[in-house]
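Take a look at these structures.
In what follows, chain A forms one complex with chain B and a second complex with chain C.
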Partner chain A sequence: MSKNEEKKLRKKAAILSAKNGIREGIIDFLKKSMDRNIFDAVLIPMRVPADDSFTYVLIRDKNLLKNAFPLPPVMSIQGGKAVSSITRLGKSNIKIAAVMRPCEIRATIELTKLGQTNLENITLIGIDCPGVLPLSDFLNNPEEGMRLFDDAVSRWDDRIMRPVCQMCDKSSMIVGDLHIGFLDAEKDSFFIISNSQKGSDVIDKLSITPQADISSWQTKVEKISEKKHKKREETFRELKSKIDGLDNLLDTFSQCISCHNCMKVCPVCYCRLCYFDSDKVKHPPEDYLERAKTLGSIRFLPDTLLFQIGRMIHMSLSCVSCGSCEDACPMSIPVAQIFSMVADETQSMFNYVSGRNLEEPLPLTTYKEDELHEMEDTHG
Partner chain B sequence: MVKALKINKDSEQAVIDLLKLLLEDNRIKGVLTLKKINKKGDVAYTLITRPDELDDAVPFYPLMPINAGKLLSRFTLKGKTREPIIAVVKPCELRGFIELVKRNQGNLENLFFISSTCGGVYPIKMAVDGVVKNNLSRYWDAVKKNENAADLRPACKGCEEFIPYTADMTVDLIGKNDLDKQCVILLNTKNGEQLVRNIKLGEFIEGELDKEKLDKLRVKREKEKKKIFDEINAKINGIDGLIDIFGRCIGCHGCMRVCPICYCKLCEFESPDSEYTPSNYELELKKRGGLRVPPGILYYQLGRLTHVSISCVGCGSCEDVCPVNIPLTSIFKKVGESVQELFNYIPGRNLEEDIPLITFEKEEFAEIEE
Partner chain C sequence: MEKDKEDFMPKILAFLCNWCSYAGADLAGTSRIKYPPSVLPIRVMCSSRVDPLFVIKAYLSGADGVLIAGCHPGDCHYEKGNYYARRRFVMLKKIIEEIGLEPERLRLSWISASEGNRYAKTVTEFTEKIKKIGENSTKNRIFL
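The block that comes next holds the complex of A and B.
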C-alpha cells in the first residue's frame, strides 16, 4: 500500500448515533456488527457479579452486550493481558472485536511483536480515554467511585484519575484497527475512525458512509494531549528530584516487599519464569552471610532495587505507561510514574513509541551501524 | 517453670543488648530481625552480622512486611547454615517456617529463635501511610494492659496462637505492665539455655508465662475471631457468595507469592496447564455465551485454599498484600482451622508431627465413606 493510500484510509471516519448516550451507541454498533457476522464475539469490560469491580468478558451471546462497559472506571485487568490470554497459543478461529483503551491496545501490539498474541481474526477497537480511577480508591466505595467517575468524564476532568492517567499524552492515540472518538463530536453522536484495512472493512460492511469530518475532534485531541504533555513534564521534573541518585532510589523502593505484583500485572512482563523468581536468585546461606559481613548488615531478602531496575531494563522499551503496576502495588510505590519516565527516555533514544505501530520493529531486534555514537564517546 | 533471663531494661532494648553480646562473643554469627533501614524509619527484615548495626533494630515492631518464615526458608533453602544464626520472629512466622521445614524447604540446623507473646501487627498499608510509628505508644499500652490494640489486622485481632510453640527463647510481653522497665526471657530449650549460659547481662531466674492472664486475652481474641468468622460465613453462601467475594480478584497472585506455605516452584495456576488454546475458549463460549478473561479466578482461589489450608498459619500476609482488599486471611483461616481440626493438627506446633496428608490411618473418616 502506498503512503497516500494509507493516509486516505486513516482519514476514513463515520458518524454513528448515540441517542441514548455513548455507551449505548457503542453497544449498538457492536450488536449490529455481530448481527452482520462481522464479529462472532466481543471482548469488552463488564461489571463483576458483586457490582464492585470490572473484568474483561468475551461475549458471544449478544444479549449480554447490554451489560458491557466500554469505559469502565478502573483498569482492573490490562486488556493486552486479556487478548494474550486468548491468543497466546494460536490464532483465534472466531472473529473477535476487542474494545479497549489506547494503552491496552498499545500493550497488545507490543505483545504481538513479542510473539505473545496473535492478531489474526482480532479487530482492535480503541476509544477516547478519560483515564481511570486508582483501583483502591474505587474499591473503597464502588458506588461513589462510579458516580465520581461519570461526573468527571462528563467534564473531561482528570483530576481524580490515577497520576499516570493525568499525565498520559496518548489518551486518544489512534492505534487500533478502529477508534471511537467522542471528544467534541456533535451531541448524540460519536466518530468511528478506521486505521487499517481491517477497520475500513468493518465500516464498509456496516454500510455506513465514511465521510465524517474529524478535524474538530483532532483539534480537541491535540489540545488535550498538549495539556497532558505539560503535566507529564512537570510530574517528571518533580519525580526526578525525588528519585535521583542511588540513595533516593533506595528510599523510593524501600518499602517494596518483593511480592512482584507489579511484574505479574504488567502486560509487557510476559516471561514464563522471571529471572528474579528463578533459581538464579536463590543462594546458599553462606553467600548471604558473606554479603552481610561486607556491609555489617543486608536487607533480607536482598536485591529489592536490583529487581526493580532489572525489570525496568527488560521492559522499558515496551512500557505503555498503563499504570497497572502502581494499581497493584500494596505499598503504594509510584512505580508506574517512575517506569513511565524512564520509558519515555529509552524509547525516545530510538525514536520509538511502544505500541504505536505494529510494523515498527522492537528497537532491540534491529541493528543500525550508525547510531548512539554519544554512548561510544562516553565509554570510549 | 523454666530457666529465664531477667534484664532490668526496656524489653526491646534488652533483647537488642542480648543480641549484641551474642554477636560480640561470637556465640552467633548473624541476626535476622526487623530493623529501621533509612531515615524515614521504614522497617524491613535485615540480616545483621556487625553488633553496631543492631542499634537501629526494632525486633518487636508491630509490622510484618514479609512473613519471616518465608525469609528463613529462602536463607536455608540450599542447605543448612554452617554458622549459627538467631532470628527474632513472631509466633506465626515461626510456625510458617516449621511447616516449610516439614516440606523440605528449610533447614533448622544452627538456627536459634527468639519469639515473644505476640500483640499482633498493623496492616502494611499503615506503614505506607507512615502512621505505624505514631501508634507505637498506643500499641504498647494495649499490650501492657493485656488488650488488643486498635486497628490491628483482622488476622491478629482474632489470633489465639500468640504464644510461640518452638522458640528457644520467649520474651514475655503481653500483659506485662513493666515491659518497658524489665525484660523476662524464658529459655524454653536446652539450645537456648546453652546459648546464653554465663552471659554478662541481667540475672538468671526461674520463670513462666502467666497462663491465667494470657487466657483472658485468648477469650477476647476468640470473641473477635468468632465475629470475623460469622461475618465471612454470612457473605460466603454457596457458589454465588464465593463468586461475589472473589469476583474482584485481578489475578496478580500476590497472595500466593507472600504466603509462607505456598512454596511451589511453579504454581499449577501459572503453569501451561492453566493456559488455554483459542479452541478451549470457543468451546466454553458456546456453552455459556460469555466468558471471563483471563478465566479461572475462583478455580485459583479454591485451588490454593485446598493446597494450603492444612498448613495455613493464619499469618495475614495474603490479606495484607491483596490490592483489591479481598478478606483472604479471614477466609483461609476459617477454612484452614476447620480442616486442621479434623486431623487435630496445629500447623507449626511441632516438627515431629507429620503433615496429615502424608500419614495414613486405617480407621478414620468413616462418616465420609457413608
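The block that comes next holds the complex of A and C.
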C-alpha cells in the first residue's frame, strides 16, 4: 500500500452513536453488521456466568450480542489465542469480526506471520485500550474491580492498571482492519476508523459516511503515548538496575516454581510442544548427580534461568508486551516487564515492531547481505 | 590470586561449520600453527545450525567463552545460512547484554577453509581476552 492510499484510508473515520454508552454503541454496530451479513459471527469477550471474570466467545446468534463486553477489565485470555484456535488449520469458512485490544491484534498478526492464524475471513477490530487490571486484583473483589475500572476508564487514568499497561505506548495503535476510537469523541458517540480495504468495505456496506476528522483524536493519542513512553523508559531504567547481572537475575528468577504458566498463556508461544516441556530437557539422572558433584550442589527443579533466557530467545522478537505472562505468574515475578524490556531492544535492532503490520517479515526469517558487521569478530 | 589468573586456561566452546571453519581449524593443526589449548570444537553442518539455546546452555554450564565460526558472507555452502546465523547471534548478544550477563564471552567469526592462520589468531585473541575477564561466574552458582 502506498503512503497516499494509506492516508486516504485512515481519513475514513465514521462517527457512530453511543447514546447508551460506548459498549451499547459497539454492540449496535456489530449487530447491524450481522444483520447485513457483513459478518456471520463475532469473536468478543463476555462475562462468565459466575460474574467474576471474562472470556472470549464466538457469537453466531446475534441475539446473544447483548451480553458482549468489548472492553473487559481484565485480560484472562489473550485474543490472539482465540483467533488462532479458530483458524490455525486454515481460513474460517464463515466471516468473523474479532473485537480485541491492540496488543491482542498485534499478537494475532504475529501469529499469522508464524503460520498459526489465517486472516482471510477475519476482520480485526481494535479498540482504544485503557489498560486492564491485574487479574489477581480483580479476582479478589470483582464487583469493586468493575467499579474501579469503570471509574478509571471514565477519567482515562491508568494508575490502577497492570504495570505493563501503564507503560504501554501502543494502547491506541491502529493495527486491525478497523479501529474503534473513543478517547476524544463526544460522550454519546465514537469513531470507527478503517485501516485496510477490508475495513473500508465494512463501512461502505453499512452505508455510513466516513466524514469525521480524527486529528484531535490523533493528537490526544500521541499525547498519551508520549506520556506512557516516558513511563516505559523510567520503568525499564529501574528494572534494569534490579535484574542486571547474574546475581540480580538469580534473585529475580530463583523464586520460579517452573510451572511454565508464562509460556502457556503467551499468545506468541505457539509451539504444540515447548522445548522446555519436552524430553530434551529431561536429562538422565546421572547428569544431575554429576552437576551436583562439580558445583557442590544442584537446585531442583534445575535450569530456571535457562528456561527464562530460552523463552526470550524464542519469542522476544514477537513479544507484544500484552502482560499475560505476568498475570499468570503465581510467584509475582515481573516477567512481562522484563520481557518487554528485552523485546524492545531486540526488536529495535532489526527496526521491527511486533504486530505493526502483516508485511514486515519476522526478523529471523530474512536478512540483508550487508548488515551488522559491527558484531563480527568482536568480543565485547 | 594474581598467579591464579595467569594460570587460568579458559574453556572455550567453538561451534565450527563443517565446510569452512572446521577445515580452517584442521589446516591450523596440519600446518602446526601454535594456538592456546583452550578450545573445545564442535563440528556443525552450518553456523546456522547453532541454536542460540546451545550458546546459553554452554554459558550457564560454565563455558568461559563461546565461539561460533562459519564461512565468510557470500561463501556459505548453503548460500545463506551464515546470514541467518548472524541475525540470531546478534539477537542473542543483545539479550545477554540487556539482562546484564557477559556479551564479551560470545564471538562470531568468519573463517574459511584456507585460513588456518586466521583460526589460530582468532582463538589466541579470544583466549587472551577471556583470560582478562576471568572465569565464568556461573561455575559457582547453584541456583541456576
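Here, the second predicted complex is superposed on the first by the 374 of 380 C-alpha atoms of A that agree within 3 Å, B and C clash if a C-alpha of one lies under 4 Å from a C-alpha of the other, contacts with A are read in each partner's own complex, and residues count from 1 in each chain.
Just so we're on the same page, contacts are C-beta pairs under 8 Å (C-beta built on N, C-alpha and C of every residue); 3 or more make two chains touch, one makes a residue touch a chain.
As the structure is a prediction and not an experimental result, all values here were calculated from the model.
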Practice item. Evaluate whether chain B and chain C can sit on chain A together after superposition, giving fit or clash. Key: fit
**Study point:** Contacts of A:A107 with chain B and chain C, given as first, second, both or neither
**Key:** neither
Practice item. Quick one: classify A:L250 as touching chain B (first), chain C (second), both or neither. Key: both
Exercise for review: Look at A:C269 in the shared chain and tell me whether it touches chain B only, chain C only, both, or neither; answer first, second, both or neither.
Suggested key: neither
Review point. Which of the two partners, first being chain B and second being chain C, lies in contact with A:T346: first, second, both, or neither?
Key: second
Check your understanding: Between chain B (first) and chain C (second), which, if any, makes contact with A:R299: first, second, both or neither?
Key -> both
Review point. Is A:E376 touching the first partner chain B, the second partner chain C, both, or neither of them?
Key: second
Practice item. Please indicate which partner A:I15 is in contact with in the superposed arrangement: first for chain B, second for chain C, both, or neither. Key: neither
Exercise for review: Kindly classify A:M312 by the partners it touches after superposition: chain B alone (first), chain C alone (second), both, or neither?
Suggested key: second
**Study point:** Per-residue touch tally on chain A - higher for chain B or for chain C
**Key:** B
Point to revise | CA minimum distance (chain B, chain C), superposed complexes, angstrom | key: 6
Check your understanding: For chain A, which residues belong to both interfaces, chain B and chain C?
Key -> 250, 254, 296-299
Check your understanding: Which bits of chain A are touching chain B when the two form their complex?
Key -> 41, 43, 46, 48-50, 52-53, 55-61, 63-64, 76-77, 81-82, 85-94, 135-136, 139-140, 250-251, 254-255, 257-261, 264-265, 273, 282-286, 288-289, 292-293, 296-301, 327-332
Exercise for review: Using the touch rule from the top, collect the residues of chain B that touch chain A in their complex.
Suggested key: 29-30, 32, 35, 37-38, 40, 42, 44-50, 52-53, 65-66, 71, 74-83, 85, 124-125, 127-128, 240, 243-245, 247-248, 250-254, 257-258, 266, 275-279, 281-282, 285-286, 288-295, 320-325
Practice item. Provide the residue numbers of chain A that touch chain C in the complex, in ascending order. Key: 240, 243-250, 254, 275, 295-299, 302-306, 309-310, 312-313, 316-317, 338, 341-342, 345-346, 349-350, 363-364, 367-369, 371-372, 375-380
Exercise for review: Write out the stretch or stretches of chain C touching chain A in their complex.
Suggested key: 52-53, 56-57, 60, 65, 73-74, 80, 83-84, 86-95, 97-101, 103-110, 122, 126, 129-130, 137-144
